[in-house]
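Heads up, the next two complexes both have subunit A, just with different partners, subunit B and then subunit C.
Right after this comes the complex of A and B.
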């Protein structure tokens, strides 16, 4: 097992912008140099996440669904049909943009930007291994939960501004669902904070590198998924609802309300909302990996951190796609009742039990 | 280095990506204006009535409930951060570190129980109109 992966220099976490500044000599130009280094780092992280979304959206999702339903999908263009990514991007972006006649214009245009842009924000504090971490504020966990909630505003904007009944219903459902599962998500995340005693994500990853038990010479790391599997399960369920995937895909529910908040979106606006959703699934995966699966930790040298990070977030993505193929959708009334009567009570039980357990050990 | 510069930089990147995609799309896409295709989509039917429809009051109830619990999580986070360190220090006993939080959570859970009993988290359904099908004689064999 490797240690905490963010590289250390004199006790501080060596963040990506600093490394870029040191490599290029930008650090000598004061705040302007720092900003340029930060922008370069942000562009790198943004490109990385955008690439993964591009692979997941037009290609992997279809391939996975096809495999689950015993069919063949996208195998015509390029090796394994991979060039469908380019073809689909060009096809969707060059479609005519049809704006519904009663649309509330500035809000209708802003919603896709809010949905796609806000999903990117969370990746700023995720330790991705191999020294790739843009920022490491002391309030990391709170920041993460705060920015991942912004997308709900974009969904309500999209639902309201489209001036369509399906869209309005979808927007309302999206916010009711996000609101109901946000509390269990945050409270379960809080039980991890009790164990770690810090909100800083690099610290939470570092604490998880310590061995939990020895099994036949192999040390099992104290990942919080092993320490508290109950919280891990709760968090995964709440996260599925937060990203609106089966069995909690009621805001989009194709068989009930067409496509929910995105019914009236076409062309590049549709691409942006779709992109935002996939970025959100990956952000959810990144949060699960960081809080419960030891961040970028894994066997092999620390330089492999980024590989383990990608493997973990793709594992979460695969899980959402598996559920998408295997689980039926819950109704909106069931959804609210599961959230407020089940998940909320269980998450508080988990918090109190964790606090008592930590107190009993100490 | 101030790390909020890096977060701001990523926010800028997150804004520039959608804007540049919109710009590329603006250059590529055709525009064939035609009034009928801008009609509101209602499964191919002619749209009826306005879109500012009346919806279930429950959406409002759960939003109110959310406010209470969201503020609770904000108040609980500082406690969660210092809890373990407080237990390690010799002057603070388990009861004084854990007790107030348990009381705080208990008060809110009583609130949830009250809301639960009054049906705030129960999905209200429109009273079902009795139909001939409901009034049919029940066959008890």
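Right after this comes the complex of A and C.
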């Protein structure tokens, strides 16, 4: 079995902090050195993800939406308008930070950090290929769902602390929606765990590398998207609701409740919330890639893993933008109804069937 | 002609009306469009009830108020939904010292807003009115601008203490668990500056009250200061600024009726073509912004709608030299013929029309055929036809509730009676029906434009008369009054003009279809969710420039 992360001689996965420690010789300084190595590794992964969201936020989203709507979008500053990212960063940071008079601080100030931070935490356990994985706990899947769920708290904090009725409604909608869709999301994720027989993400990725069927000399890997496309579809739908994208973007719903929980945020706080949203889309993409699309697996040498990983999460991002341009938003009550009456039932059915199937094969 | 309405409605003869009103009529008057009965201020409801229930005048089209040297006057312009050519006016004079008149609100709900406006601008009090507040001007306004004694130069100073900020009031109520929410005046879904006072019970709408007037630009007064011949025509373009040209026709029709002007056939064809192109542009915008409300973002469908609107605007630009404020109509004709070379113009227009079926398919795929769109729109924002009639709804809003009412066919003008087209109605009464009506009206308009192009192409060159002979200075006889309406993109746009012997109107009143359509918002959205309220507002397609004038 060849995992996404090179193995050490004792069979343990060789994680990024350890490699940094070995490469730089920090390992010799004991616990302190290892901590510094871990920080360096985290900084590397964080920078990678933030760079991608920074590109996605101001530039890619405009370009993609423009392509869907017969327009050109930014093209004046730099090649393909890429330097708009710099202009946007300057613009957003230099704006005045307006805090509502009755805002409930420090909840109001903490909320953007919670929203953005919870997504960053998730990336700690994702095997990104090319040997990049910060940690690989045995309960990786549980950890992943747990930290991405923290975002809901941030949204409620933002909605409640802003002292704005629209924000409050947005915050309440966000909670109702996340509760309704988190369960199908986790339950569907569990069906993958049953298949793989492990909660460890590196293992789940490794299991998917096995060939499913041979077609004319080309081996189709047993990615769970191929093994159980039904669960894959369910997971994508639940994930859309989880990250609050169309057709499930009710917590923001600009035409109804202005911008929901983020109505009162400006300047850097707004950037953080915006960033948090994009990080969550990317984290959703990373979870989908890891659980269903074989993680960093792809043609070519294993060193290309990180490239395939990035391609996959961008594919998920593209999908969310496609939905955004094409689908109307469902109403909040309809959304909750779909969640509790439809998705929940389907996800449990999928779980039971998977369990029976796996049991029968075993 | 497929468009001829089968007149099954019995015509109420004037003698019959006289018998019905009886001795409650102080005298009769003769408006150019209809017989008028002058009644006492305390007999208003009596007379109106009889006219509505006995004679079938179920449409209070307009409430006009004005002041003469010796009296105030309220005019109720009544019509029948089944046959709008049958009209009657009820004139209610009141004394200058004590301008109090009985309210017509119990008879027609549309009198609610109509009389509020009359009170606001002219200063007549309506006894028994359930909500006697100003409607267009702020509560703190001093005086009534259309009152003859009103001093325009007096500054409207409002002290800080007096200054009521409607958004600042504390609406907390310990007894109830509802929440008061201001939607607007600045909100992404209000399509302009509209303030909707909303009371919410959770996400359910318990009460709604549209607060209008933010875009009031004294259009009526400006028209009263302009000369008939040239100075008024630019204003109508500024009312419904998404489908401008049909508005020009409203003024043209009223003024031409007032001064007995003829319009050459060729000009009528040009007018008809221009108006239908403009209607298409307006409907594209309506579809796009409605999609914006329901989809929630500037999505593909919004941009598609704008792309198609752009094509229609390009053609109108070629025709009139302007993209929005066309000022193309002249009394007795139009400003100019189609641009040279004519073939190029016709070809461009044909290309646009030929491309339309594919685009309509696109709309069907993305919009009306979309299941998510359907669950959002079907059976939301229900507007029962009886209620729609009570509020004086017209246009696609009325036709979406199954009311078969279109002035282009029912009160024919221009070249419409000579052309083949259909009035579109839908029976769903919901947001979805209103969208369907607009989609199909785009196709019908295309049909009309196509026929106009054919006509213009074959029109003999020596007979292309675009303007009849109209005196340089128009001074209709003093005391002449008329009320004429046309079907603009939003519904029945009526103009009342009273001539006072000068070259400017004595009174110029605009009956705005959006004004009446908007007044139904509460009926449509009470008990529904906030997103439905937003969708309903979008499906009404109100243009605040026309609501507030």
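Operating definition for what follows: the second predicted complex is superposed on the first by the 352 of 362 C-alpha atoms of A that agree within 3 Å, B and C clash if a C-alpha of one lies under 4 Å from a C-alpha of the other, contacts with A are read in each partner's own complex, and residues count from 1 in each chain.
The criterion applied here is as follows: a residue touches a chain if its C-beta (ideal position, glycine included) is under 8 Å from a C-beta of that chain, and two chains touch if they have at least 3 such contacts.
Bear in mind that the values here come from a model prediction, so they are computed numbers and not experimental data.
Contacts of A:291 after superposition on the shared chain: neither subunit B nor subunit C is touched. Legend: residue contacts after superposition of the two complexes on their common chain; A:258 is shown touching both subunit B and subunit C. In the superposed pair of complexes, A:112 makes contact with subunit B only, with no contact to subunit C. By the touch criterion stated above, A:165 is placed in contact with subunit B and with subunit C alike. In the superposed pair of complexes, A:355 makes contact with subunit B only, with no contact to subunit C. Shared-chain residue A:68: touches subunit C; no touch with subunit B.
By the touch criterion defined above, A:120 lies against subunit B but remains apart from subunit C after alignment on the C-alpha atoms of chain A. Of the two partner chains, subunit C is the only one that A:324 touches; subunit B does not reach it. In the superposition on chain A, A:240 makes contact with neither subunit B nor subunit C.
Between subunit B and subunit C, B touches the greater number of residues of subunit A.
Touching of subunit A by both subunit B and subunit C, each in its own complex, is seen for residues 165-166, 169, 258, 332-333.
Those residues of subunit C whose C-beta lies close enough to touch subunit A in the complex are 179, 181, 187-189, 203, 291-300, 302-304, 307, 366, 370, 372-373, 375-376, 529-532, 534.
Here subunit B touches subunit A in the complex through residues 1-15, 17-19, 21-22, 24-25, 28-32, 35, 37-43, 51-53, 55, 58-59, 62-63, 65-66, 69-70, 73, 76-77, 80-85, 87-88, 94, 97-98, 101-102, 105, 109, 112, 116, 121-123, 125, going by the rule given at the top. Partner subunit C is touched in their complex by these residues of subunit A: 65, 68-71, 165-166, 169, 246-247, 249, 253-258, 324-334.
Within the complex, the subunit A residues that touch subunit B are 15-18, 21, 31, 34-35, 38-39, 41-43, 45-46, 50, 93-102, 112-113, 116-121, 123-125, 134-137, 142-143, 163-169, 172, 175-176, 179-180, 182-183, 186-187, 190-191, 193-195, 197-199, 258, 263-264, 267-268, 271-272, 332-333, 336-337, 340-341, 344-345, 348, 351-352, 355-356, 358-359, 362.
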